[in-house]
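Structures for review follow.
Two complexes come next, and they have one chain in common, chain A, joined by chain B in the first and chain C in the second.
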Partner chain A sequence: MLSQIAFWGAVELGLVFAFVAIGVFLTFRVLDFPDLTVDGSFPLGAAVAAVLITGGFNPWLAAAIAMVAGALAGLVTAFLNVRFRILNLLASILTMIALFSVNLRVMGKPNVALINADTMLSPFFGLGMREVYVRPLFVGVLVVIAVVLVWRFLESDAGLAMRATGANARMARAQGVDTRRQVYLGLALSNALVALGGALFAQTNGFADVTSGVGTIVVGLAAVIIGETLFGARGILLALIGCIVGSILYRIAIQLALSTDALGLKASDLNLVTAVLVAVALILPQLRRGGARS
Partner chain B sequence: MIDLKNIHVTFGKGTPLQKEALKGVSLTIEQGSFVTVIGSNGAGKSTLLGVLAGDVLPNEGKVTIGTTDVTRKPTAARAGLVARVFQDPLTGSCGALSIEENLALAARRGERRGLKAALGPNRRSHFRERVAELNLGLENRMKDRMDLLSGGQRQAVSLVMATLAGSDVLLLDEHTAALDPGMAEFIMRLTQRVVSERKLTTLMVTHSMRQALDFGHRTIMLHGGEIVLDVSGESRKDLQVEDLIAMFRRMRNETLDDDALLIG
Partner chain C sequence: MRNFILALAAATALVMPAKAADVTVAVTAIVEHPALDAVRDGVKEALVEAGYKEGEGLKFLYESAQGNPGTAAQIARQFIGEDPTVIVPISTPSAQAVVSATRDISVVFTAVSDPVGAQLVKDMDKPGGNVTGISDMSPVADHVALIKEITPDAKSIGFVYNTAEANSVSTLAALKEEATKAGLQVIESVATKSAEVQGATRALVGRADVIYIPTDNTIVSAFEAAVGVAEEAKLPLYAGDTDSVQRGALAALGFNYFDVGKQTGEVVVRVLKGEAPGDIPVKVAAGTDLVINKKAAEKMGVTFSEAVLSRASRVVE
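After this line comes the complex of A and B, so read on.
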């Protein structure tokens, strides 16, 4: 079994990556735009926040600026796709690759430590609650706020236009929706959320690292798919809650797999375990429908 | 009102596959008039509808809807003037959204979309009433996904969607072609009612000669990218389906003769 610390650590990491999951949900599911920019915008958010915080900025302001940076990254991908008709997947890979260099420039070195800096969480330590609970609670509150805002947005007139763009672009245009603008808006929103996840990751873990983005998209997608497997397709709110639950369960499953001595897994097996988990999450719904298709 | 002046559309200009789809079509349709359009495959019917909807921008000519010059406006920018029902029931509505969400989307056609909830209690009850008028029992399924509906039910909802927001023009693109005969008849009756109640300027493309003569005030026939027949009033009343079919045959023979000349 997991120790208390390991369990709450997994929950905390799951909540941080819930922002990624919501972002991935917006692009993959709502806009039907497979966006790999997140592998770059997650460490971008971490880098921007870490550099600003060590530079003496207010950590909340730093996180807000990190979100703007993420949104800009999303806009670059949207621009390549909409303006020059570069295939969506490829456009996002180009941005992702470019962001690796950008992130190194932002930090000036491969990683920045935040050990003694004041973060968004600092005021909440020393209020009597143990740190191991404070962190997931703090991130959890932010996730709940994000879910409520995204949910209200997707059920508004503007959000409906975005959902129609992903589901039936021709119909959306016939209804007066400028589908190109929706792609810009959706990618900006998605990558802003992912960058916020990155900014929180840097602050809860005490560092930003240029390699921390590798596999972000798979983790986000895993969370979305686990959520869908559990809750099914029953409305926007449940899908968003599914993103959070999926993200947390994913982290706990990884922790369990790595800390169960009987399996003999090492930390370096993480990517393999991730791939197996995502594959299982993809296969389960098919089995439930009555056997895999031939 | 619709006004087309000397519309030329050429696809693949400058390539070996260059095709002149419309060759200088001019057409004026008065406010509130219902026009049916017939023609064989490749006659230019879909292109004509595309020019009005904004999917196809003409190489030459001027398109006016109401009092607005829309010649260079893309589909989304002129959607406030044009309502549309597609041939394929899957195209006209969003299968992944619920019936009421589709209606909410259509209710804001051509308007700014803000952050207000798309489905407040007022709108919900308004949509329910409008759907109840169809007598299909769909008012009890407002939260069902659109892709749970049959093709005919989807077309019926599409017609309601087309009339939720104000518009100058209704474009019907063979909107009963994919339906079984009973449902096609139901949709046509519904179309007739909607058009006359709302006094919409309507252009209906159809494959059915019967429909073309039974509905509307005026019938035009396209052939080879040109208007070859334009009848209304008394002369249209006398026209029989057989006459139209005979005209179709003649057109086809003409092209055959041309080919024969080439080969000979």
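After this line comes the complex of A and C, so read on.
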């Protein structure tokens, strides 16, 4: 059914989108702030990294600047929400649609190619390991680093303040937490991670395209929820690992959907098949626990 | 959870190479849409004409990314994993995803306006490596000439497009250059989704003398909305693709995308017969059909000259 290349390709893309999943986890779950900015900050990260790399910047520096750009996008959403009391969902939608134009400005055109450019991965390609494995391994190491950092942060005093803000803002304020600052911090951190995901997507696939943000939120949310279903609510670290596993499983579901030609399915059925596979992944554990709720 | 993992393990345990047909041609497009589908069908037709029939030595695969570049990347890996003889990516992002993921498998891209800018090949004449293909850069100079011929009084061209589409942006740049040479002004109007096409077209009423709609996926998918406005305001409406003439454009000089597909398929056949893709120059698709619509012309207050009528390869009554 799945070739090695297809399987590891799905793992690689799942790992790239694990950054999105962790970012979405921070906003939706930790801060309780439904943030759609990610649909704009993912291609923003891709755009900034691609433009800087083609402009001769070091790809690591380019990715770092992409993260700063993503953080700024998150701050704009937080600013609209905190300062002007615009509903969180609407504030993030405003930033998201604005970013569409910003991304076109950044790139100067809808698509920037990186196929012949030196990326963060280029130094690792000549070391004897096949590219099929180098890419997921490289992205995987970065994901692990990100998970450890985010985990340590959320377990620290500063992180506890953020979790308290999401759990019960009024109580957090009564305990002396500046909840507004937590919203700024959380959205900046979340969108910086999402932008890093975008920067990595551009570098592993050879292009930044302004349309690549479409549905980012859906993919991130699906990953978070698949992870939660599989691992349950048992602590921050497991939740973060759930984000990674969920993201990879989502991509494997798409990959399986792509190889179901034998069942008489057409290319246009892809999204439907993906949705069914993900739904099955979510329903199976419930059945095992003793039947779906009626 | 265990059930799911078991199911997944069962699925992935079936990791095995695709059953070998004589040749496999794998086609992928970023989205399903009449012009891109016509390209795919054209490729298939050219293969059939060269004696490659599905089920008789030819395995023909097709996947659409349904508009999502992430999925395009997965399709690229899926195909490369199946190790086909040739991969045919249709459109810029699909082609980039495939080209960046393989240096071994032969790639014949198509419906890409600017293959060098998209870094698919370094040089149109000597592509080198495993990649060649067909470009569909619009013959914009011919379009401007046609506009001047049919509507000689026009001083300005209204251009409706989506700023997110690479093809439209490169067409706009070329149009501005050609229009300036011809003494015409270009007025831009942007629609970022199909629901905005009507408004974007209406914004040109009173500002532009004619409207020109490029081969823009967003605008073309809501073409009727633009036609409605043009008829109401008696503004001559030109299209960049001939299929849109049936839908109410006054005239178009453009590619027949089925033909573009056939030309692509001919290149695929050359690769199947053993030529190295790197040795086959990237060509701009040949053949531009003039298609005109008499009913639309009447509504937009235009009459065709004898010269235009006799040159048209198809007239919609």
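Everything below uses one rule, namely that the second predicted complex is superposed on the first by the 261 of 294 C-alpha atoms of A that agree within 3 Å, B and C clash if a C-alpha of one lies under 4 Å from a C-alpha of the other, contacts with A are read in each partner's own complex, and residues count from 1 in each chain.
Please note the rule applied: contacts are C-beta pairs under 8 Å (C-beta built on N, C-alpha and C of every residue); 3 or more make two chains touch, one makes a residue touch a chain.
Computed from a prediction, not measured in an experiment: that's the story for all the values here.
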{"item": "Touched partner set for A:179, first chain B, second chain C, both or neither", "value": "first"}
{"item": "Touched partner set for A:170, first chain B, second chain C, both or neither", "value": "first"}
{"item": "Partner chain in contact with A:17 - chain B first, chain C second, else both or neither", "value": "second"}
{"item": "Broader residue contact with chain A after superposition on the shared chain, chain B or chain C", "value": "C"}
{"item": "Partner chain in contact with A:122 - chain B first, chain C second, else both or neither", "value": "neither"}
{"item": "Chain B versus chain C as contact partner of A:4, first or second or both or neither", "value": "second"}
{"item": "Partner chain(s) touched by A:270 [first = chain B, second = chain C, both, neither]", "value": "second"}
{"item": "Partner chain in contact with A:207 - chain B first, chain C second, else both or neither", "value": "second"}
{"item": "Overlap of chain C and chain B interfaces on chain A (superposed complexes)", "value": "none"}
{"item": "Complex interface listing, chain B residues touching chain A", "value": "53, 74-77, 79-80, 84, 86, 90-97, 101, 104-106, 108-111, 113-119"}
{"item": "Contact set on chain A toward chain B in their complex", "value": "152-153, 155-161, 163-164, 167-168, 170-179"}
{"item": "Chain A-touching residues of chain C, taken from the complex the two chains share", "value": "1-4, 7-8, 11-12, 14-18, 32, 61-64, 66-71, 73-78, 80-83, 92-93, 96-97, 99-101, 117-120, 122, 163-166, 169-170, 192"}
{"item": "Residues on chain A engaged by chain C in the complex (per definition of touch)", "value": "1-10, 13, 17, 100-101, 104, 109-111, 113-116, 201, 204-207, 209-212, 214-215, 219, 230, 249, 251-252, 254-256, 258-259, 261, 267-268, 270-271, 280-281, 284-285, 287-288"}
